[in-house]
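First chain written, first letter: the chains are A, B and C, and each begins at residue 1.
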Amino acid sequence: MNRIFLIMLIIGIPLSVIGGMLHFPTILMFVIYCLTIIALASFMGRATESLTLVVGPRIGGLLNATFGNAVELIISIFSLKAGLIGVVLASLTGSVIGNLLLVGGLSFFIGGLKFKVQKFNVFDARHNSGLLMFAVIVAFVIPEMFSRNLTEAKTMTLSAGIAIILILLYIAALLFKLVTHRGVYHTKESEENIETEEPEWSKGKAILILALATLVVAYISEKLVHTFETVGEQMGWTELFIGVIIVAIVGNAAEHASAVLMAFKDKMDVAVEIAVGSTLQVAMFVAPILVLISLFYSQSMPLVFTIPEIVAMVTAVLLNIVISNDGESNWFEGATLVAAYLIMGLGFYLL
Amino acid sequence: MNRIFLIMLIIGIPLSVIGGMLHFPTILMFVIYCLTIIALASFMGRATESLTLVVGPRIGGLLNATFGNAVELIISIFSLKAGLIGVVLASLTGSVIGNLLLVGGLSFFIGGLKFKVQKFNVFDARHNSGLLMFAVIVAFVIPEMFSRNLTEAKTMTLSAGIAIILILLYIAALLFKLVTHRGVYHTKESEENIETEEPEWSKGKAILILALATLVVAYISEKLVHTFETVGEQMGWTELFIGVIIVAIVGNAAEHASAVLMAFKDKMDVAVEIAVGSTLQVAMFVAPILVLISLFYSQSMPLVFTIPEIVAMVTAVLLNIVISNDGESNWFEGATLVAAYLIMGLGFYLL
Amino acid sequence: MNRIFLIMLIIGIPLSVIGGMLHFPTILMFVIYCLTIIALASFMGRATESLTLVVGPRIGGLLNATFGNAVELIISIFSLKAGLIGVVLASLTGSVIGNLLLVGGLSFFIGGLKFKVQKFNVFDARHNSGLLMFAVIVAFVIPEMFSRNLTEAKTMTLSAGIAIILILLYIAALLFKLVTHRGVYHTKESEENIETEEPEWSKGKAILILALATLVVAYISEKLVHTFETVGEQMGWTELFIGVIIVAIVGNAAEHASAVLMAFKDKMDVAVEIAVGSTLQVAMFVAPILVLISLFYSQSMPLVFTIPEIVAMVTAVLLNIVISNDGESNWFEGATLVAAYLIMGLGFYLL
């Protein structure tokens, strides 16, 4: 498996560069870019896994979510600069529902095919549920519903205020997890898990691979974005569908790969941390940072999603909370999450 | 008690046949039909109970929900054929809120009058919560909100797609419960419960009575449906109220009777399986089957409820999840569910 | 600390009387009134605490919520008489979100600064969650959404019907807690807690202080209300902001003070009972009583909030349930609740 990815990389990276120069057909380049990113993602997954064995599951999950979302943040800033506010909001929506339903669902499903019942830290699950409720149901829904009775300027003030509150609470959450309550909610299993395996790569090598892979992913991602318009026309996809579904799947490929890998090894604490932690980072850090950055551009981005986007995110959060709040998973819970993603995907495809 | 129902049956069935032929006043026939169905329901309840003791609570609950919903499915197909899409959606809504709030509430309430605290399988409760969230909050709300920006043809495509996903996940749920995870979440109490009592009727006799009663219920239900218009006019009830409240109460009389009976005997696993299992069967099997069948008729039925209907179903699901997710019940929780049903009933009466 | 409040009282009460007579500047009187009420609230808190040690945490919490809401009920009846329906609904909203998010959040936060993890009765937490779901998500949302298709007269009928159901269920809840299930869900800790401390004041003295303080709070509150219009104009606050935020904070100062005090002493059962119990009393008793009383006035008050109000209450309830349903709290959960309150406060300020 790892060899296949290595071959994909050795072929994919030069092909990505050459293909762009020689103006290969756009659909072909689209496929090459996607496959290369997926191969890179597998390396990022292995590097993160090695690091996780050294630094523990929580910081490991954090690392993973960070490297996954760095790519997204870069793409979004480029889009924002070009005034493509609709695409940015759509890809934020896609990250939220993609991570909660597709990454989370596939982890539960594939892990559940191997293990009858998988357990993860119930305290972390509840902590995450509270933050999902806060970020999506309070911080995203309030401006959505209030903005109908507000002027544009006041909507932007509200958005900026909420963005600052979100970032402050995100920092408080890090403080809580890593400083004041570090290890308070640790279960015995999670502690034992850490020491049983040897890391594949050394700390230094893992960091180097992670950094290099992130750089190349960013480079290819940017080229990938420019193929979307042509691909959309030729495939009959709307801009909304590309933003919510395609960008999100490719952009979160790294999380997908490593979360499912972790689930398959029964390390559900890491898998859940990637799926939900990544969602929270998008909602509480990437989205508000983009709102604040947009204040410096000619066209500001209010934190106001479209109705289908907010409905998809709210129902995804409610479903994820009910399913993962007990700290247990099985293949059927995974299938339920994936089924919800398919329904939303179909909806956005038809819009 | 059982004798009274037997007498009601001996008088009710011939009276239903004769009354129809001799053109008795409609209101009188309405009352006769309802009482006969309730008497039949009590026999179905006893037959199911006998079967439950043989086959275990889960398959017993499944059996019960199936026989209760067979009647509903037949009535709905007749209505669909006649193009009465509004009535079908209203009676689906009525089944969902009726089972979750009225059947569930009365079970908790009446069982709770006898027992201080009643317990049921907490794993099943969480499994059901996840499916309720999926079926009603994701699969029903998404087409509701997306259809505003969709053409009629695309809304129908979305509805059909969701219908197929719902049925596939419903089949997956059966696979999960009966094959891959059979007995995994069994508690000790539920296993003990099964063996302590003798079934009232033999397996063969119980199946015979269940089959006969279902046939007669179907026969009378169809006649009952034709009295609704006249009764509605004379009683001042709207079509929506008849669909959501009256059809649902009479159509689910079988579930009502046996769920409350089970709760009174402290067999909460069966009572909950009937109330929630029946809801899930309506939402994940009856409703999608009707959507797919309607494709063959001149007028297709999209999975798009009215706003009051969807609000009633969503709030009913949220309330039921919060109340039953801990695997315990008491009379007050039952009263809360019934109170919610009364509020919705009043709302639909006034609409 | 207690001395400061005593001094504030000795200076504040006469100043409140004299200032009103001598027509001091309105903003000054506003500050004097607020500080005096807060000082009075601290005495009410201490009196309630003394009583709590005698009568147990549940009745103590009930007492507290009653005395806090008596003030609100009186202010609202005056407003209703004057036809200020919008202000009454806004202050009901403010009480709900203020108690759930601000009182609850500050209790969790300040208590959490001293104690790593604080526990409270998980059965009470679930009981409260069910009632919050019922009162706000069912009983408030149903008329909100149904009223769009109803005439004004029918909306009022629905509101009155729901009001009666709410009051009956509230009485049933008292019956459940104090009669049929008294002590059934008691945990060992809560029983031990009661006996370990000596009450500051005797039962008689505590009741006397509570009664006197309530009277003076009512007297000053009424005067305070009349300063709102002028203060609003001079501060640039809208009527909605004053109703939802200012009235609620000052009107619930008593609950704030004593809930936080209790949390700081690790008596979380009482703190939660005050925050959530007070919300439930507002939603299930104060609001419906006001609806029924309004039937006798020229302008009746339907139970129909504005969209921003209902969205704020629904999201506040969902967040509170997810955070407090596990019977545990820490400083970060408190920070999350307060952050949600800040977002809503900013929203209502801009509206």
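Brief remarks follow.
Assume a contact is a pair of C-beta atoms (placed from the backbone, for glycine too) under 8 Å apart; a residue touches a chain by one contact, two chains touch by 3 or more.
Protein identities per chain, from UniProt: A, B, C = Ca(2+)/H(+) antiporter.
These numbers were taken from a predicted model, which means no experiment stands behind them.
Residues touching across the chain A (Ca(2+)/H(+) antiporter)-chain B (Ca(2+)/H(+) antiporter) interface largely differ between the two copies, under half of the numbers being common to both. When the CA atoms of chain A (Ca(2+)/H(+) antiporter) are superposed on chain C (Ca(2+)/H(+) antiporter), the rotation angle comes to 120 degrees (nearest 5).
Here the CA centre of chain A (Ca(2+)/H(+) antiporter) is 40 Å from the CA centre of chain B (Ca(2+)/H(+) antiporter). Along chain C (Ca(2+)/H(+) antiporter), no residue makes contact with two or more other chains.
Residues 126-127, 129-131, 133-134, 137-139, 141-143, 145-146, 148-150, 154, 157-158, 161-162, 165, 168-169, 172-173, 176, 180-181, 184, 321 of chain C (Ca(2+)/H(+) antiporter) are the ones that touch chain B (Ca(2+)/H(+) antiporter) when the two sit in their complex. On the side of chain A (Ca(2+)/H(+) antiporter), the complex with chain B (Ca(2+)/H(+) antiporter) involves touching residues 116-117, 307-308, 311-312, 315-316, 318-319, 322-323, 326, 330-333, 335-336, 339-340, 342-344, 346-347, 350-351.
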